[in-house]
Amino acid sequence: MDLHEYQAKQLFAKFGVPAPKGKVARTPDEAAAIAKELGSVVVVKAQVHTGGRGKAGGVKVVKSPEEARAAAEKILGMDIKKHKVQIVLVDPGADIKKELYFAVTNDRAARKPLFMASSEGGMDIEQVNRETPEKIIRVHVDPLLGLREYQVVKMASGMGLAREYWGQFSKIAHNLYRCYVETDATLCEINPLAIVGTESGPMLMALDGKMSIDNNALMSHPDLAELRDASGEPEEEIKAREEGLNYVKLGGQIGCMVNGAGLAMATMDMVAQFGEADGILPANFLDVSGGAGEDKVAAALRIILSDPAVKSIMINIFGGITRCDEVAKGILQALAEVPTDLPMIIRLTGTNQDEGLKIINDANLPNVQSARSFSEAAQKAVAAVKGA
Amino acid sequence: MAILIDRNTKVLVTGITGKQGLFHTRQMIEYGTNVVGGVTPGKGGEWVEGKPVFDTVIAAKEATGANCAVIFVPPRFAADSMLEAIDAGIEFIVAITEGIPVQQMMKVRAVLDQSTSKLLGANCPGLLTPGQSKVGIMPGFIAKPGPVGVVSRSGTLTYEAVFALTERGIGQTTCVGIGGDPVNGMSFIDVLQMFEEDADTEKVVLIGEIGGTDEQKAADFIKEHMTKPVVAFIAGQRAPEGKTMGHAGAIIEGGVGTAAEKIEKFNSVGVKVASNPEEIPDLL
Amino acid sequence: MDLHEYQAKQLFAKFGVPAPKGKVARTPDEAAAIAKELGSVVVVKAQVHTGGRGKAGGVKVVKSPEEARAAAEKILGMDIKKHKVQIVLVDPGADIKKELYFAVTNDRAARKPLFMASSEGGMDIEQVNRETPEKIIRVHVDPLLGLREYQVVKMASGMGLAREYWGQFSKIAHNLYRCYVETDATLCEINPLAIVGTESGPMLMALDGKMSIDNNALMSHPDLAELRDASGEPEEEIKAREEGLNYVKLGGQIGCMVNGAGLAMATMDMVAQFGEADGILPANFLDVSGGAGEDKVAAALRIILSDPAVKSIMINIFGGITRCDEVAKGILQALAEVPTDLPMIIRLTGTNQDEGLKIINDANLPNVQSARSFSEAAQKAVAAVKGA
Amino acid sequence: MAILIDRNTKVLVTGITGKQGLFHTRQMIEYGTNVVGGVTPGKGGEWVEGKPVFDTVIAAKEATGANCAVIFVPPRFAADSMLEAIDAGIEFIVAITEGIPVQQMMKVRAVLDQSTSKLLGANCPGLLTPGQSKVGIMPGFIAKPGPVGVVSRSGTLTYEAVFALTERGIGQTTCVGIGGDPVNGMSFIDVLQMFEEDADTEKVVLIGEIGGTDEQKAADFIKEHMTKPVVAFIAGQRAPEGKTMGHAGAIIEGGVGTAAEKIEKFNSVGVKVASNPEEIPDLL
C-alpha cells in the first residue's frame, strides 16, 4: 500500500527523521490559511499515488497566502496520470544547500533490506543509476542483525558527505531503518534528503518522502491501514479490497472470476486469444484467491455484475484449497441476491468438483453453461458475447 | 523415483486442528500421504484423524520420526512455525500459508540459509508425487505417474498445467508449486536441478508469471546446466501494468519483468514457450 | 552487579512481569506502616546479596502491622553469611497454588542466552538439577533472533503447565527476555514464579526475583548503575570500584598491586608459596587492570596503605598496555600524598620498563627495593614482613 | 613457520587515531609488524605513522590488501568494529578492547560462526610470533624465536610465562593470548589444534585461570588429539571464593571451576602442571 508524501513524512518525523512541518489542505482556502500560519515562502504539492507530478505542474513554490490559494486552486482537481488531485501538502519553503538521495527497500534477489544513498539527490535516481551507478552506495542489512553503524559510515563516506553531517546522517539512517521495520514497509525513500539552512545552522531534512507498506502486514498495523487513501481509485476496486478480493477493471465485455493470480492472468490471456480478433476482451482481472468461501465468491459475482460493460461471465475455478462445492454455493447465493440473465460459463475443476457441479446442475439455471476445459470455457464465453 | 517426497516421506501437519489443516490432512491421508501426526500448541495429547497431535514440532519429530512438515497455521504464526521446524531439524518444510509479511520471511530465510532444511513456499500449493504422496493442497486426482517434472510459481495454474498433461496421457514424476512470494524458499533453479538429477524425469514443464527475474535466472540455469528438455508457460501477457514499485524497486529489479521479456529470454536459450496451458503437452 | 530482590521485582514489573506490590523499609516503624497499608498478611524479607536467608530466619510471614514491626526488628541488623541486613522488603502475602522456576541467563559454553523452566519451583533448583534434571526444560535463544513463541510453548508444554496459564506465561517469558536484553542482564531468575489466587482469578506472579547486570554494560545504563547497594561491602572495595580497580581484601600482611587478574592471582599464589609456612599471606587481591595510568596506580596504592594489617607491599607490573613509566610516576605520586616507610618491593617489566625503573631509582627512596623476577619479588616481600 | 601471523601478515589497526591505538601501532611497527593502514570513521584520508587511514574496513582492505585487523576502539564501538571486519572478509581479527558487554559478544559470535573469519579476543593481549610480527599489546622484547607454542587466557600472565621461557633460553613459535571474557573468539582448543599442526612447534605451554570449564575441555582435547607435550599453569589457587553466580549459573557451568579441579584434570590426562610460572621451563 502506497502512502502519500505527507503521510510518509509524518511517519518519518514520528521516528525521528526531520521533515518540514507542513499541513494538508483540501480547499484553496485551507491552503491559504496554512501558508499564512507558516509565513513567508511555502511549497504547494499535489498528493497523488503516482510519479511525475512536478512535470505535470503539481508542485508550486509561492510567496504569499494569496499565491498559495491560487496555486492550490490550480492543483486541486488536476488530473495527473489519471489520478485526480484531492489533497495538497503545504510545506514551509526550505533554504536548500545540497540534495542527497536516501532509501531503504526490500531487495528481493538478495532477500535482505537494501539501503541506497547518493550524493545525487533531488533528481531522477533511475537516471543516476543508468549513467553513474557508482554514485549510488548500496548497503545490504542483515535482517537478523539490523543496520550497523559501520554500514552508516560506509554510506556517509562513500557518498562524500561532509563530516559535520555524519552525526545527523547516522541518526536519520537508524531512525529510517526503525521506521521501515516497525511499519513493515517495503520502501522508505527520501528524495531529496536535503541539507537546509535553519536558524540553528544547516541540517539534514527529508523534503520529500515516499513509503509503501507491505499489504500482508496491514492486519498487524491497523493504524497504518487507516492511512489508505482510496479517493482516486474506482469504486469496484475499493469494494473488492474490502471483501479480500484482488480486482482490476479492464474495460472488456467478459467478466472473469478466477481463483489464483496466475490462473486469473492465464484466463485473461485465453479470453483475449479467442476474442481479440472480434474486439472481445476481458472486463476485469479478479482473483478470489486461495480459500475463498461462499461469501467471498458471492461478493465477487456482485462486483462483476455491477459493471454494465459485462456481457458474459466466465468463472474458472481450479479447486485446491478452494472447494468447488463452496464456489457453487457462492454462485447460487449471489445469483439469488443479484438476479441476472447474462450468459455464464462455469468451469469447476479440482477439490470437490463433482459436488460443486451437482449443486450448479441441480439449480437448473437456464443461462448457465458448464465447461470442462479452459479453452472450451473461453470459447463459449466469447461466443456468448458474439451471440448476444 | 521422484523428487522431494515419495510414499515413505513422514509428514507432520502444523495447524492440524485448524479448518484448512484438518480438511487437507484428510485429503492427504486419502491420497496416500504418510501423515504421521500434527502440531497445535495447547492441543498436545489429542488425536485427529487417527494421528497424534503434539504441542511442538520437536516433540512430534521425536515421537514420529517425521522428516517433512507442512504448515497450515495462520499468517501471524507462520514464520514462527517455519523457524520451529528448522530448529527441530525437519529436512523438508512446505509452507502453504498465504499473507506472511516479507520482512518476516527475510528473517526466516536468513535462518534457513544457515540450516540443512529445505523450504518450499510460503504461499504455495505444495507438491505431489503422483501415486505416492501429496503434501499441501494440490488436488490429487489431476495428476498421474509418468516422466514429466512440473515446477510452477503459480498455485492454480500449476493444477491447470498438470491437468492438461494428464488429460493427454502424460504422467508426472513430481509436481512442485514454489509459490510466488517475493522472498521464499526453493527457487525454480533448486527444483530444476533436482529434476535434472532425477533418473525418472525425462522432461520438465516450468510455469512462470510476470514480475521479478526468477524466470530469466531459470533460463540461464537451463542453458548452462540442463540436458533435459524444458517447456515453459508465462502467465500475464495481457496483465494491466502493475502499480509503481517506486524508483528504488526499479533500480534493484533492473526491469519490470513483463511476460514478453521472459518469453523472449526463454526463446533465446532454446526453451519452447506455450501460448496457453493447454498447448504445453503439444510442445513436450 | 547483583540487584536486591526488590530491585529485580521492580524491574520485572516495569517490563510487564507481574510482581507483588511490596515496599522496602529501613526501620521497624516503616515496616509496620507498610504492613498497615497493605492490610492482612504480609511477608517481611531481608534484602542481602547472598543466598540462604530463609534458613537464617531472614524471611517471616506475619499477620499484623505489630507483628511486621517485630519481624523487621529481628531481621534488620541480622548477619546473614557476613552480610548485615539493612533493608527489608514488605510484600503482601500471596495465596500460592503452585510454584514454578523460571530464569534466563547467559550460557557461556553455548554462547547464547538460556531459559530454564521447571514445575519444581520454590525449592533449591540445584537439587532439582542433580536429582531430576529432566524436570528442568532448557531452551537456548538465538541472540540474533530473540525468543520465539514456539520456544515458549516448548517450556510451557515441557513443564506440564496447565493450559489456562499458557497465555500469561507467554507474556511473562517475552517480557522477561526483554528485561534481560534491555538491562544487559546476565541473570533474570524468578523462583518461585507462582500461581496465586487473586480477586480476578488465579494468575502467575514473580514472588521472588534475582537479577545480575553485566558490569561491562553499566556505562550504558546509568539508571541501573545507580541501583548498586554497596552498604554491605568493605569501604576499601567500594573506593576501589570507584577508581576502576578490582580489589578484594583477604586479611594477610603483604599488600599486592598487580596488573591483570591472572597475574594478580599468580602473585597471591606465589606470596603464599613462600610465606604460608610462617603465616605470611597476601593482604589483598588488587588488579589495576589494563591501561592503568598514574592516577589509577596512585589510588591503588592509597587503598593498600589504608589497610593497617599491611606490613610490606609488593608491586608486580608486567607492562603490556600498561606502561611501566606511568606506573612508576603513579607510585611516586601516591607516596608523595601518603608517605609510608613500609618496605616496598617493586617489579616492573615490559613496555617502557627501563624508563619506569629509572624513575623509581632516581627518586632514591630508602624503603624501596626492586626485583627482576617474580619469585625474587615474592621472597623479598615475605622477608620484609619477617624482618619487620 | 608459526601460527596465525608471520612477517607477511598485513595488519590493519582499527581505532588507529586513538591514544592506545596510536601507541601500540608505533610499538607494532617498531617490532616489525607489517602494519598497512588504519581505520577511524571520519578520519579517512589522514595519515598516521606513515600509514593511510580509512573510514571503513572494507575501503582499507580494498586499498591495502589487509588480511588481519586489530581492534583498539572503545568498548561501545568494539562489537560494531568486529562485525565490520567480519563483513569485510578480514581473515583474522584480534580484538584488544576490554569491557564489551557479553550480550553484544553473543551476537558477534553468532555472526562469526557463519563466517570464515577467525577472531582472537576480545579483551585479550593479542599475539606475537617472535622475530616476525606482533599484533596487539604484548611487549615484544620478552619473546624470542624457538620451538614452544604458548597459549593463555590471562593477559599479563602470558608475558610472565613467555618471559620465563626466554630467560631460560627457550624460544617460542607463537605466543597467543586468547583472553578471558565469557564469550569470545578462539578457544584453547582452536589454538592447540594449530600448534599440533604446526611443524615448528615442538612443545606447548598453556596458561589457564580459575572459572569456567575451558581448561577441562582443553585437557580432553589434549588427551584425544595432541601428540606434542603440553605443560600447564593455572592461576588462582589462593583466589577468594567468587561472588555467587546464582543457581542458574551453577547449573549451567556444572561446577565453579576451581584451580584444584583444573589441575587435577590436567594431571589425569598426563599434562604436567607448574606450581608457579617460573617453574614452567623446568617441566618442558
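Order as written gives the chain letters A, B, C and D; numbering starts at 1 within each chain.
Note that in this section a contact is a pair of C-beta atoms (placed from the backbone, for glycine too) under 8 Å apart; a residue touches a chain by one contact, two chains touch by 3 or more.
Here the structure is a predicted model, which means the values were calculated and not measured.
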Comparison of A-D and C-D (more C-beta pairs in contact): C-D
Centre-of-Cα separation between chain D and chain C, whole angstrom: 27
Centre-of-Cα separation between chain C and chain B, whole angstrom: 54
Overlap residues in chain D, where contacts from two or more other chains coincide: 107, 111
For chain C, residues that touch 2 or more chains besides their own: 142, 144-145
Chain contact graph, described as a line, ring, star, complete graph or other shape: other
Pairs of chains found to touch, sorted by chain label: A-B, A-C, A-D, B-C, C-D
Interface residues, chain D side, partner chain A - complex: 41-42, 44, 55-59, 77, 80-81, 83-84, 87, 107, 111
Touch list for chain A against partner chain C, complex: 144-145
Residues of chain A touching chain D in the complex: 142, 145, 148-150, 153-154, 156-157, 163, 166
Residues of chain B defined as touching chain A within the complex: 20, 23-24, 27, 75-76, 96, 98-103, 105-107, 109-111, 125, 137-139, 142, 152-160, 163-164, 167, 180, 182-183, 207, 209-210, 212-213, 233, 235-240, 243-253, 275-278
Contacting residues of chain A [partner chain B, same complex]: 2, 49-51, 103, 105-109, 111-114, 116, 124-126, 129, 136, 142-144, 181, 184, 186-187, 189, 191, 210, 212, 214, 216-217, 219-220, 248, 250, 258-263, 265-266, 268-270, 272-273, 281-282, 285, 289-291, 318-321, 323, 349-351, 353, 373-375
